[in-house]
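The letters A, B and C name the chains in turn, as written, and every chain counts its residues from 1.
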Amino acid sequence: MSDVETRLAALENRVGELEDANAIRRLHWAYGYYIDFNRPDDVAELFAEDGEVTFLSGVYVGHAGIRRLYGTWFKNFFLAPGEDGPAYGFLLDHFQMQDIITVAPDRQTAKGRFRGMLFGGSHESRTFKPEGLPLQFMEAGIYENDYVRENGTWKIKRLDYMMQWQGDYETGWARTVAHLQPLLVPYPENPLGPDRLLPEDKRRQTWPHRQDVPMHFAHPKFGAVLAGAEK
Amino acid sequence: MSDVETRLAALENRVGELEDANAIRRLHWAYGYYIDFNRPDDVAELFAEDGEVTFLSGVYVGHAGIRRLYGTWFKNFFLAPGEDGPAYGFLLDHFQMQDIITVAPDRQTAKGRFRGMLFGGSHESRTFKPEGLPLQFMEAGIYENDYVRENGTWKIKRLDYMMQWQGDYETGWARTVAHLQPLLVPYPENPLGPDRLLPEDKRRQTWPHRQDVPMHFAHPKFGAVLAGAEK
Amino acid sequence: MSDVETRLAALENRVGELEDANAIRRLHWAYGYYIDFNRPDDVAELFAEDGEVTFLSGVYVGHAGIRRLYGTWFKNFFLAPGEDGPAYGFLLDHFQMQDIITVAPDRQTAKGRFRGMLFGGSHESRTFKPEGLPLQFMEAGIYENDYVRENGTWKIKRLDYMMQWQGDYETGWARTVAHLQPLLVPYPENPLGPDRLLPEDKRRQTWPHRQDVPMHFAHPKFGAVLAGAEK
């Protein structure tokens, strides 16, 4: 009977880990869908209470910081006063793909790498045109995120979006200097700014500059957990 | 012994649910591959007998309707008379990604949200050029689909493709009014038309118009089933 | 007790198969991330010792062949002498998606279909410009790969990348003849060439030519293994 008990417990753990990976993938895909439609409250709920976002070498901390980034800043930047959700003639499609998720052995934390592609801009017939935003543009980036199980539900602990390039649609990435540059002025001096800046030696210059994006997983077994080794 | 029985049954159900989600994701990816290559019979087989497709605010019903859409219409529109499958110099790539799948507790039905990107058009050296189709264009859309287990196999019960935007390659989405507009004339008056139209108040104006695409899942736990909560 | 034993063994196998599919998906996504950043040694480690790559109708054999393709050729072609990893102003983003994975009943081999999209090129401010490479371009292709479990870890046995089209960014796929053509001169006569060529009747003409890309899976049940049939 103790053999059955051991095998049951092992199976329960392996199945739990597969469910964890699915839940975390789903969490990131949901993140993508929510930011498309400017839903900052829904985005914030995907994060742990002390969750944070690294964006343009600045760190937005906690639900307040996350709402400042995805709510105040995004709405100020992208939408006309009073506009909300999907706006006429405005595009902000965040395509998400290529998930590599590693769940820690105790199944309380996890890491995830993803890749996103962004097609955005305004239709020429839209009256409001965001200042400083190209009329139409493409962008891509890589995420290396941390996750935590909080009260039984997987949440984003730290989202790190590393923009790789931007391209004005008219001229392409070969002739574009990224319209987004590293953030230099934190909140509250900059009312849309991050709660803190990354240290200067960690600051990431944007396209056409490149940096490596180290992977969270060990190579070539990718960490034992999801390696598919015979068990 | 009854405890072992209970744990075995719970595991069998959880594993079955993981297999269901994989099967449904696979079903949608296969759908994407089949429509790339103009294979309407293969597409129809992915659907339940009474399956349907909502496309451009029209509903194509059953295998006959599905073949009318992916066979008669697509072939009439995209291919020269007698052309089949992949045609010289013709592109219709449907990239599929970002799956959010929720299996019902009884594992007989499911819902799935996906996102697709389409790159299409004709090479300048192709003699046949589809009328009304831009020479080269991009498109993206979101799917909110229903699935059903039919005779032991997952099938599409209802595919709802909500096109989000189209862009002529030459001028981009900022300067394009979608070449596809809501369908207004049903079959058989329109021999390529849908079996019925969505009610007028559900009709979706196409790009540059936008609408919300409500998600099938409850937020933030996304429904209990795949939430990864400790079990 | 033998019933419990039977059910435990069945569950262990089903869970193993789900882990296999996850491991293989992860393997392909890792492949995508590594080639973005010109890491040929990491790429080679993803392959079985006798693994091979079919690219442009040529076959690169074993780790030596794989390093010739992803190392010698890619670096010669894409990077300036002495440049390594992510290079200033150089883009080679391989977006990976749409996985269809079928694990063999004995769980020692598997097949996988994937789709990739490539955005590449050089920023105008980059001094080195690869000869014969468009300043900025897009590409897409479909993979039909074989996998093998080698010493307990899933590895790529055979990667078959079937490029579907290329498009110069300036003019688009409608006005581009693929800059990559089928390979005709093998190694060592061509120091960057493949170890062997596909037979002439298997040679794939590139865009605007098209060919079918048959799917490894049986339709419509896709092979029993992942079909999600009631078990």
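Please note the rule applied: a contact is a pair of C-beta atoms (placed from the backbone, for glycine too) under 8 Å apart; a residue touches a chain by one contact, two chains touch by 3 or more.
Nothing here was measured: the structure is a model prediction, and the numbers come from that model.
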Same-site or different-site touching of chain B by its copy chain C, using the half cut: different
Cα-superposition angle relating the copies chain B and chain A, to nearest 5°: 120
Whole-Å gap separating chain B and chain C, where each centre is the average of the chain's CA atoms: 26
Per-residue overlap in chain C, given as positions that touch at least 2 other chains: 4, 8, 11, 15, 18, 97
Interface residues, chain A side, partner chain B - complex: 4, 8, 11-12, 15-16, 18-20, 22-24, 26, 29-30, 32-33, 37, 42, 45-46, 85-91, 93, 95-97, 119, 121-126, 135-136, 149, 152-154, 169-170
Contact footprint of chain B on chain C as seen in their complex: 4, 7-8, 11, 14-15, 18, 21, 97-100, 113, 115, 117, 138, 140, 142, 164-165, 167, 172-176, 207-213, 215, 217, 219-222, 226-231
